[in-house]
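This is the structure, below, for whatever I ask next.
For reference, chains read A, B, C and D in written order, and residue numbers begin at 1 within each chain.
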């Protein structure tokens, strides 16, 4: 496995420099684009890693996975009355579909869907972002995971698009709490900083039938685990989900911080990170590394 | 396996009578809705079946899979310049997205995408529908597979929506042949009649790394097989693809004749058939049977 | 003229009871629907009236006309960099077009356009809603025009849809001030209460080449007056603008309070009011009365 | 009046060379862009003209006015069951709105609307394009008006977009005849060649309460005349209708051949022609000339 990662490292290094770091907020724009790390966690908890795999990054939309899991634990199937399970076919921050479909977002991984899930968690917890931080600490076995307040506040200051979505859903009756409160918690969750290593650990239960080795708990049932992976497979990479399935063949979720998780059901959880993004908003080198990885050893679930 | 099918048969029989048979053409509208069959083909070619598994039905959009495979064999990756690989997020026959995205259909399984693929096959073959018929005969090992001319002509007589799509793509320069010629061949391919048993055989190569047991040929490479299955998983069930992944967890493709194929990569090909459709245009009992099947034995790829 | 109004009154009275009063906020929902008034102001300031023409009503979107005129006075043609002059072809509160057209609203009479105009006025005035109230008092010659605080606050409490639009425009850089501040002022302007008589007076300058008889001032130049009337003619009645031009043939502006103004350029200003609305959100009896009026005496500008 | 035209001629001559001649078919692309003519016909039939006012041009979409009038004469208000009277807010050849609004085009001046009107005329006449040619000859008093067969055939060869619209409407049940037949007649009508002088004469009845001086017939009732002018005012210049009302203030209709008609109700009909188009597909110099004309003498209806 280490040899495999070495080979991939050598293969993708020359690609560093392509793509563009997310620049919609200053705190993300200043990240050095020439970083790359990958960590693989097997179902005994063993880590194989290379590059900047211990360097922390802003997890951004990968937090939507944790947010969804917390909502599944608290609401069960009732959750799906307020958010769909279909790919959207439109950019992650589009309001068009939301208006045509009466304020029910297509899935929990586009922004509108994640906002509804955050709204649901807000209805159950006083501080859902701290709840998520604690959840991630627990399932990864790392206490030193923190929210970057500067990033969270910068996101809030640039909240217009997300605020528009939340208010639009509120106008359709699909938003319960104060928009500003939910946005504060939503951006705080996005601003969690994690390394490839602790992210691979934190998501290992998705590769392990819902069981977390690090907290010794059944986070999800086996069926729920398959269902979350199915959603990741069809909707986890925004408007590149189909192409990611075609090229990589694994359930996955990306964030504009440059991180991507990928799950080999029953075997491995993977986290790759490189800050420069392709045109679809996913880590350019990250997607390439995952493609190389699965093609070399036939990990595609298909 | 037979016991499993028996159980599912007992479970879904009471659901017969729900849903509605496709009625946009008379030749489909008169099919008896109270039919149900299922056939599973393992990778040694063994068939397990129950119900009306030997009854022939109109394969309709399942033909899009064969059409795609023929195009892959003839064009390779160049194919993807003319059709995308992303879920559409809109009904299978919508023109809206096609206009916004300059005549490039989202994927080969919505009607617009299948029409482009048919147009490409038309540019290479004098009679692509006969080519497809012969292909299906070969990979299934059944010579007695025929095109239902009455259905094909009835579809052509009701061609307006598909003609609109083809002309719209032509206006964007993404259609080479005469619209009427392509439509004739397209509808003829849709009008193939097959049983669950020979459909399960005909698609077994998708479960067998591209190798057809019945024609003893490598139809697709292993990578191409994974790629086709990935497309089926993200886009095979129209606007219900995400929900199908969530509930069933297998690559699949449905047709308005009530058939659905599903692939368990590396293990089985499945064909289920029941004519009455749910609101999304997929076989109501067929989806339920597949959900029961995979949930009972954990076949979800996720 | 009085005979004419008498005839129309007799004609439309039996229609009272059709349509539905706006019910999205309680303060509007409780208005008695069986009211109807009309007032015509000629260019010497003479009023002809009938029915409940002295009864005050909530002017709602008719305030968009005054808001636009104040912006024209303060910004001149520069205004048109931030809002278009084309009919929208979509409901007055749609966000779809706004997203496709990068946050530039189609015209100043749909909600998004009026919000941008309000944002511009907010940048120039400490309390733009009081400025508008004072403007309306001046050009109508009535000091007793007030803002209904209960209506304004109720609208603010139901602000989600308008907040979504404002934030969406802010995300495109087409909104300068705090969304909440602008919404407060916007709803206050909508909550002005006026009667048909003082509304006909207040808008008479649009029929009189820009000159207000009541404040003895040139409110707009003659060209600007024609331009505002042109915008009213193409976009004043939401998604019924074309039909209103076809049936009535006059520039006009409606509000969900049931008021409609109409301008006979060079001759008369008209205000009709009846609270029950048709499906397009315009006063059902009001439109019928205006149609009867212009058809009887050939006032169509076309 | 002649002095006025002389002044405008001097004013706009320097603008020749701006804009681009329509080039979607070769027969239009080769027209010399440096031509400009204008003709005004008063209600006694007197012509004032300047420049290339006797040069024939391809009337293109101006034919939609004649087609509509023939349908009004044959169907009356029943016509409006199949086509709307609202501005579209989208480009003239868009299919998006048509799909969302179930195949009922927004108005008779966008392509889809004109195709429905042509389909209705096709149901009544064996050769509707010859009927229109004869109608135009009659109301203009010019026998020497002909269809340019080369243009008509070239348009037919490039029919994809219009064919897509017609088939889409057919799929919604809003198209009765064979698509190809209607398209042949539609393109033939568009390919009529007329000069500014005979076009101003042919449309004078719209300025004269429906009465044609040249055929001594009541073509439309006074009310119908106002209604057609109202439609021209709100929808006659595609997606520039609002701006044209704002700048010019007259009902009008443009064609991609560079012609524009404008009506001063009760007084004059105007035809201006210059082949180079602005970005919205309307004659660049033509719009400028009309703007100058109405601003100089206050002909705006508003």
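General remarks:
As a convention for this text, contacts are C-beta pairs under 8 Å (C-beta built on N, C-alpha and C of every residue); 3 or more make two chains touch, one makes a residue touch a chain.
Bear in mind the structure is a predicted one, so any value in this text is a computation, not a measurement.
Fewest steps needed to get from subunit A to subunit D, stepping only to touching chains, is 2. Using CA-based centroids throughout, the chain positioned farthest away from subunit C is B.
Superposition angle, subunit C onto subunit D, using Cα atoms only: 180 degrees, a multiple of 5 between 0 and 180.
Chain centres here are Cα averages; for subunit A and subunit B they lie 32 Å apart. Subunit B and subunit D have Cα centroids lying 47 Å from one another. Across the assembly, subunit A contributes no residue in contact with two or more other chains.
Per the contact rule defined earlier, chains pair up in contact as A-B, A-C, B-D, C-D.
By the touch rule above, subunit D contacts subunit B in their complex via residues 94-96, 99-100, 159-161, 163-168, 170-171, 175, 179. The touching residues of subunit D, when paired with subunit C in their complex, are 84-90, 97, 106-107, 222-223, 225-227, 229-231, 233-235, 239-243, 245-246, 249, 251, 265, 295, 298, 300-302.
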